[in-house]
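Next, two complexes with chain A in common: one pairs it with chain B, the other with chain C.
Entry: the complex of A and B
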């Protein structure tokens, strides 16, 4: 994955348009894990817009996000910062190697105890 | 045969940059019956109009086609030009080669081709044009103002001052509107009631003004100069002409647990009430949902204590018919319902209030007598958090409004400043996205709140308010310091977005006037006709047209009055001659046109017709009242036998245009 494509990839995966942000900061006002994060929800939006994706990819903030979607719920302009953070996480996963999930590999990975939701989540994570 | 002249306008470079005007003129000059053609830089200029007049005289033109801007812009101009040259103004046709051609195309060849086609269509229409004469209709010298807030009051006073009769219809028991609920006004901090109530008294004492309080508009018929309005006077169970407003009934009424809407439910009133001391008219009203006499037939205390004998439990709603020449809409606004903003805990804690509720909590005539106390425990709040833009400036996909409510930045600065002045031991925080203070002395006012009164303005938004142990935990972001703040507050004040009154939409339907997607009335032109609606004779005053503060509302209200006076000063109005006409020989009497006519202009009459062999048959045929018809054309589409036609836009003219375009 080329460096200057990161922004485009993040925007495509997330479906978010960071230009809709009016810099009100309600996402960061709502965030329950704000103090644990180096970069806060509102910064994610502006950093993605500025193309600073690599900085985000190497920050532990990506994993401190609880994915509680409070920022998505409260955003008055439907910018959906949590979806951007999820997209950055996916960029990291893809960077780590070709771990796309192939359909023929699935049956052997399944057992009766595996919740169905986990399979759906795996698809979401590995196929984008 | 017509003798047609074609005039192609450059509109500077507006048209000429994308349309080859010379080629258009020359090509159209070859059309049948076109005896003269010309192109010029500005057809609408005096020089351009003189060219048209000279050509009409020299070439004995019987019809002219102007290829220029939209007819909305200059059709009236060119009709006047034709009239000056002795030509009937309805022998003028406009081909819109600007808005519908040069402005939307980039390629000169295609734009020129399209301009020629549009011009050809207009020529085809002129071939079939006939001279039309506009009828006259009288003007009823009386205006109706719907809504008795400051906008309606100012408009009514100004119209009355010019000597015309004005009626105000107000749905509440008193006029005064939102301004009567406000404590102080920005940026001068004068007492709202002190400047409003003298105006209310002026209205009451003005012989030209009549107030229909506790009333609503039920139906509107007619047209500019001749509106026929039905006003519903709701039963207030008190005879208005007898009540002296002494207030004895309101003190003795045993039903004391009625939520007081004037104080936004922050305290209670009696079932018979006068909204506030300076109410106009100062007449008591019974709330039928709470009055024991009306509900169970047992009580009657108010009737016993009323020395004037004004109480009438059997009063019914009454309908009043009245004629008006002009109607002013001044229906105002309301703060939005905050039930969908649970992150601010509005429905969870009585100490989270809207800004209008805060006004009542600081008003000397309010539920706390002007002492700022928390609604929950009646204690003085020591930390107050103001949240701006609640429900304003949202994306439109959620429950909020897309627009800026305009007044919140200033009233919040006012609330913060006044709190710090009266209670210096109170910490006041204002969370803002942007501070918007355009207006005379407005930004200076906001800066005073920060610099002189020490209000903490924080760029950021509150994300969560949670009631904990009698306090309100406010979690918010401070974007400039890149911090998340947690404030333990005693009172949270939400600057709720404002929206048009719910009565506005049904009213717009009755008036056949336009609204935008937010239910604000649409002005005829956003810059040049800001107080008129697109429907003739309907005018707009105050917040029904868009969010406004008081100075702006009063300016608009007076502007609106000027327009109404201009209309009422005329004795007669020239009608629109482009009205529907029924061909009686083709009419089959089906009533389709009568049913679709939005103006009630069509009626049916029985008429005798000569039939073969000297017999006479009586047939039912449509008859159009040209004074009422607005020329919308709905009947011409509905008519199954093709009997209905619109003068100036006849079926044959429109087909000729289509044929010319498809040629």
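Entry: the complex of A and C
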């Protein structure tokens, strides 16, 4: 897929218009996982706008978003960065063989208190 | 009054106390929780992308089952509540999603988001009333300093969840007051615990959950309460503190003398 097609896909499935962003940085200021990310929420917005989707797709940052929606709630322009991060991650995991989490990895991750909710949530986020 | 009840997968396994005391307390307060027959797992996370349809079907099936009975749908787990409430919002407002879901399901009558979805705590406030609960308390939790942990899922996105003010909520503090205890306000009560990342990288929930518990303890909390099994797990396992973390329904049962 060409770069432009990825951009089109990200815009379509996220429903986000990155051009509304006024670069205030509040999304990254609100992000609880900012320190763990190579590219931060505000960079997802500008890089999607510039069509730099593949750079984002190969970054571990797509798996660091907690989808806590703090950036969405606190954005003064309703840009909704978390929806862009989700769309970029889907561009990766919807490709053949690109699931980020595999069932045979699960047993070693388990402990006796871990709720099912953690497993179903991770599968929904990381696999197709 | 009878309502449709959606317990969700974790309440059948690791979060049995959340479910058990939700049922016991509802009964004592005059609400019959009628479990939706053959409900399916909500998936844990709301499918954010606009072209996700199949992942929304389990929520729609539960919503449509409640509609058929003419009942309000009540959830307890914060994650189930977030998923089902947001899917319901899609069915009300997104014509394309509504059309595709209804074509797929081909029901006699299309589902268009008619069901009223309430979280258990909203049910207590709106269908029972915190004043009535206060009257029924036999074992007031007097003098106990309790910190409500909202996390993300009950509150955000604020316009869709319409649960409370997403930046300065008060419903759980009002609930704690009704039980005779003293609510503790602290800045991290609506910040993320680290969620499902505990599976592949527990260091992240460790940092997040420690931040939450330290914030609560710095403001005098003796107990922390939540409605979410994954929040409870992260706070207990990754929070680096011995402070007790309990479900909201456990507090209610204790105050009502049912535990």
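For the reader, a short list of remarks on this structure follows.
To be clear about the criterion, the second predicted complex is superposed on the first by the 93 of 128 C-alpha atoms of A that agree within 3 Å, B and C clash if a C-alpha of one lies under 4 Å from a C-alpha of the other, contacts with A are read in each partner's own complex, and residues count from 1 in each chain.
In the analysis below, a residue touches a chain if its C-beta (ideal position, glycine included) is under 8 Å from a C-beta of that chain, and two chains touch if they have at least 3 such contacts.
The structure presented is a predicted model; accordingly, all values stated were derived computationally and were not measured.
When the two complexes are overlaid on their common chain A, residue A:117 makes contact with chain C while staying clear of chain B. In the overlay built on the shared chain, the residue A:70 is in contact with chain B and with chain C. Once the two complexes are laid over each other on the shared chain, residue contacts for A:34 go to chain B alone; chain C is not touched. Once chain A of one complex is fitted onto chain A of the other, the partner contacts of A:20 are limited to chain B, with no touch recorded for chain C. Annotation for chain A, partner touching more residues between chain B and chain C: C. Applying the stated touch rule to the two superposed structures, the overlap between the chain B and chain C interfaces on chain A comprises residues 70. By the touch criterion given at the top, residues 343, 389, 393-395, 397-398, 400, 433, 459-464, 475-479, 482, 484 of chain B touch chain A in their complex. Against chain C, the residues of chain A that register as touching in their complex are 12-15, 32-33, 36, 63-64, 66-70, 72-73, 82-83, 86-87, 90, 101, 106, 109, 111, 113-122, 124-125. Touching chain B in their complex are the following residues of chain A: 20, 22-31, 34-35, 40, 42-43, 70, 74, 76-78. Looking at the complex, you find that chain C touches chain A at residues 8-10, 13-15, 41, 43-45, 47-51, 55, 77, 79, 152, 155-158, 166-167, 191-192, 194-200, 204, 208, 211, 228-230, 232-233, 236-237.
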